[in-house]
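As structure tokens, here come the structures.
Next come two complexes, and both contain subunit A; in the first it sits with subunit B, in the second with subunit C.
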Partner chain A sequence: MPLTRWLRSSAALYALPLMGVYLMFPLTGELPNLDDNWPGATVLATAATVMAVTPVCAAVAAWEGTRLRQGGVFRATGVRSPITVLAWSAAPVAGAAVLGMVTAFAVVTAEMPGVPGGPDLLILATALLVMAAWTMAGMAAGRYLPPAVGIPLLLVGTWLWFAYPSALEPLWLRHLTGMNLAACCATGEVFDRRALAAQSLLAVSIAVAAYLGWASARRSATRTGAIVLVPALGLGLAAFTVRDLGPEAGRPRAGGLVCTVRQGIEVCVWRERRSRLAATAAIVAPAAKRISVAGGVAMPRRITEGAADGAGTWNVVAGRDSTSDDIVFSLVTGLLPAGPPRCAGTGSPAWDIAYVPVTVWLAERAGVSKNVLATKAGPEAVAVVKGVLALPQAQQRRWFRHNLAALRRCDLSPVGIPAS
Partner chain B sequence: MPVSFVSCDFGYRRGSPVFHGLDFVFPPGRTVLLGPNGAGKSTLLGLAASLFLPTAGSVSYRGLDPSRRRDRSGYRRLVGWMPQNIAPIPGLTVREQVSYAGWLKGLSRREAWRRAPAALEAVELSPLGDRRCSLLSGGQLRRVGLAQTLVHDAEVILLDEPTAGLDPRQRERFRQIVLGVGEHRHIIVSTHQTEDLTDLYSSVVVLDKGTVRYSGPTSGFLALSQRERPSVEDAYARLVTGET
Partner chain C sequence: MTLWLRVHHVRAAGLAALVMLVVVGIAGESRVPAPSLLRTALVGTPIALVLPLLACAFLSRSLTAGPTALEAVGTRPARSYTAALAVAVCAVAVLVGGLLTWSGYQPLGFAAARNLTGLSGLAMLGTRWGGHDAATVLPTAYLFLTVLVGLPEGREPPWLWPLTESGDVPSAAVAGALFALGLLVCLRPGGHRTAAP
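For the complex of A and B:
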């Protein structure tokens, strides 16, 4: 039969508009948060496709399985192997899935002009594996379940599986589904391969169980046991693989920096931001000097988007939409403690009181405009700092150093900052 | 020789054995398989079609035994089977369904598509080739089922109750078609319909409770009738129930 005729008869063709419309929701909703790196773009494109297209694929596959059962194909004493029959029926569904993926990548790629590199093939392959597994599960379900049960079950069931674990605990649950939206990746991150391994493990186990169910309706304890145990084993192994992951699957990136030297300071940005390296260096080198003078801290040898110790190496973020104020502000926040100290029983009152004013003061001294500070920190914090800025330089420095210490310790109270 | 059964045992999972030590060879040409309900006719055809595999013994055709994995494809290519109920595959036209059946039987997609019109021609369904199968009548669907066995040029065609539920006009048309396609093939038909049996079939097999009561030429079967004008019903009744 000509391929066009086979495609015409497949429900996948008629489900395409639904897939397309639904795909645009997660995709366009998350586009503004897309960072300038291909792992992040790949995660967005694949997660949106997995979320929007896979449930439809599974439901359509359930219909295809039902269709073959209704048409007596399993009793037709054919010579084609079960996998061939499955592949031929699932081909239009797979085609629709690939089309969805291509569309998602087309939309995402339009947001990545000039960003070097390309899609992360491992993330892409994992997503395709997840989609294939659920499509096979749909085919197998269609072989046994009535369409009024099988199709909605696959459509809603898979959607729930992809949508809800990211809002549930335990945290490792979300890393099993293959729907990685918001799980990764800022430009300074890479996707933790353990999450991909877990998703692949579970997908393969689902596919194997689905195939065992598809290949023969003959009941045997071994087959039934395998259909139950294989995915259970896959789930167990996958959960074990990601047991230590937190809410996100990103981990710090180890390499990929490009550097230049400006005013004696080595400035490094991610290679995706090579074109902004000179401009970033021109912003951060003088800002670092101003911070050093104002706060009485030693000049850094290196300012980098990679790992920094806050002493000889400072951290900066020069994102795709960052203004010069944003870049300087990130330099300031990178220099301050990342989080409050763990104070037994008392919480961290100093942090709650002093963090914002200290940040605003340092950012103001580093050159961030007052308007931007008011936007970022609120007018109250700016008003507090205004009083500090009226003090002599030495007194300002003492104020800063005392409050910086208060941010790091539990036994020191902030000074010169009214508690709100 | 068409399909043969050697020391064949078969039973469904939760029932008593249907066949035990069945030794039997279907006669060549057009054969009608008669027997009361529950005699094992559909099971015998299912075994011949390789839909079921015997639990002991063997079924074979031309030396190919479908119980052996290496023989199964070859066997199934040579043996076509039409079950009692022909169901349309939703969304497919008549030609597409016949073509798909050919593909399932090992033809390439292109070859199956090319051969489908001839199979439809043989069952007088050519004008309906582009109609959805789901829109066909019961009689037309049976002819689609027959075309599905012809498209891959099966040497043995097994038809399980092909005229059950059809009105007399459709039954007559189906018989004529079977007559037309059976020239160079072995056709085995399980049926309850005994009218015109002598015109259509060269051999008769009577099955009762898993045992072959008669297998031989139609004339020999009719000779079992002891009436002045030999009748199929009388011969059948003598074999199966011992009635006169």
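For the complex of A and C:
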């Protein structure tokens, strides 16, 4: 068959505009949240494509499967192998999926100027595998179901499969689907490979079962058993692989820091932010000294975007759009406890009262401007801190140290802060 | 009649509608996130408003199954049977969905039944112009278009009838009108065109 006629006869060609329009919404909606790293960009591009394109691919494949059935392909004597017939029929669908993926990457790449590295190939390969598996499932469904049932079933079914688990518990359920939107990755994170392994396992098992169902309609216990057991086994193994994951699939990044020494302090940022290293060091080193003097805490040996213990190593975030005030503010919040203590029965009242004023006081002493503080913390907290700043230096330090301790403990009430 | 019921897969259509009503009753208000034209964030669409498409698919298959050419020239009023089947399934769905909503057990029960009715009307219209195989293309495309657009804050234009609450009268009227149009088309001679893809 001439290539143009082959393409013209495929439903994928006519579904392409729908895929393109649908793809742009999740993609452009999430672009403002994109961090300056390639794993995050890869997750966004692949997740948007999986979510928008795969249901359409599956529905179109169901249509193509029906065409093969109605064309008498399965009844006739085979000249070509089933896999060849399948490949020619599914190729335009696969082409549309790849085109969607390329478009998504073109959009996110435009947001990554100067960011070193490239797409995460494992995440990309997993997404392609997921798309191929559901396309195969569509082809198999088309062999048995009438298109009036097969098309909406595949379209709605795959859409529910990709979108619905994020609203369900257990939370690891969402890591089985392959739709990883918002699951990962800030620049300080890497994608947990367990989630990718689970998604690949399940996708392969679906593809195998779908191929078995598509390639032969002979009724045998072995074949039926395999069609049921292979995906069940894949699902079980995949669930076992991700059983310890929470709502997100990101885990802290172990390497990839670049460092410099400023005023005796080693300052490190992620390698994607190498160009901002000197400027960040020039901001955080004097700010650390000011914090140390004001709060009476020991000077850090290291300030880093990586792992920090809050004693000898402090944490900072020098994001893509961070101003100098944002960077100092992140240094301050990195020094404070990350969350309230677990206090049995009583909750953690000190946290609600003291966290914001303590942050504002420390940030003000570190050099963050009052306008920025008012924007970040609200005018009430700034007014509370204004009274504290009027006290002598030693009294301010006592206020800070007491309230910092209150943030960490259940048996200590904050001082010098109105209850509401 | 038994043969007609079997050829038209009536049991599957009834079962699909029953499963839809049960799932809607249990978890109809659970929301599935989807991209929206009008909002930047993903908008959650209650599954009670989407599941009727699957019940509609099985009903469409029932309505379009069987030897159309033979039924067209047969002595029995096969077109009336088909129309009666559509009316019966949708009427039972409206009754049960209405009860779910009226009893306060599932506020979206009637909306689900309304969507089944309206989408089935669209499917019957689609069958007329696209053939049996493309019967559900029109309701599928229409439902996904409305989900993509999303319901604007504070407004419920009638053309977004698949997304509104159970109590929205214009939506129920539009769905009912579509179903009536579909029935008219279904009852007309030559109302079902068969077309191989």
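What we mean here is this: the second predicted complex is superposed on the first by the 420 of 420 C-alpha atoms of A that agree within 3 Å, B and C clash if a C-alpha of one lies under 4 Å from a C-alpha of the other, contacts with A are read in each partner's own complex, and residues count from 1 in each chain.
Everything that follows uses one rule, which is that contacts are C-beta pairs under 8 Å (C-beta built on N, C-alpha and C of every residue); 3 or more make two chains touch, one makes a residue touch a chain.
Worth saying up front: this structure is predicted, and the values here are computed from it rather than measured.
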Is A:Pro2 touching anything from subunit B or subunit C once the two structures are fitted on A? First, second, both or neither. first
For A:Gly78, is the partner it touches subunit B (first), subunit C (second), both, or none of the two (neither)? first
Let me test your reading of the model: by the given contact rule, A:Val149 touches which partner, first (subunit B), second (subunit C), both or neither? second
Touching partner for A:Ala394 - first (subunit B), second (subunit C), both, neither: neither
Partner chain in contact with A:Ser10 - subunit B first, subunit C second, else both or neither: first
Answer with first, second, both or neither: which of subunit B and subunit C does A:Gln70 touch in the superposed model? both
In the overlaid three-chain picture, which partner chain does A:Trp159 touch, first (subunit B) or second (subunit C), both, or neither? second
Where subunit B and subunit C land on the same part of subunit A: residues 11, 67, 70
Sites on subunit B touched by subunit A in the complex: 13, 49-51, 72-73, 76-77, 79, 81, 83, 85-92, 96-97, 99-101, 103-106, 109, 112-113, 148
Within their complex, state which residues of subunit A touch subunit B. 1-3, 5-6, 9-11, 67-68, 70-73, 75-80, 85, 88, 219
Which residues of subunit C touch subunit A in the complex? 30-37, 40-42, 44, 47, 50-51, 53-54, 56-58, 60-61, 64-65, 123, 132-137, 139-140, 144, 148, 196-197
Seen from subunit A, its contact residues with subunit C in the complex are 11, 21-22, 25-26, 29, 51-52, 59, 63, 66-67, 70, 146-149, 151-153, 155-156, 159-160, 163-164, 166-167
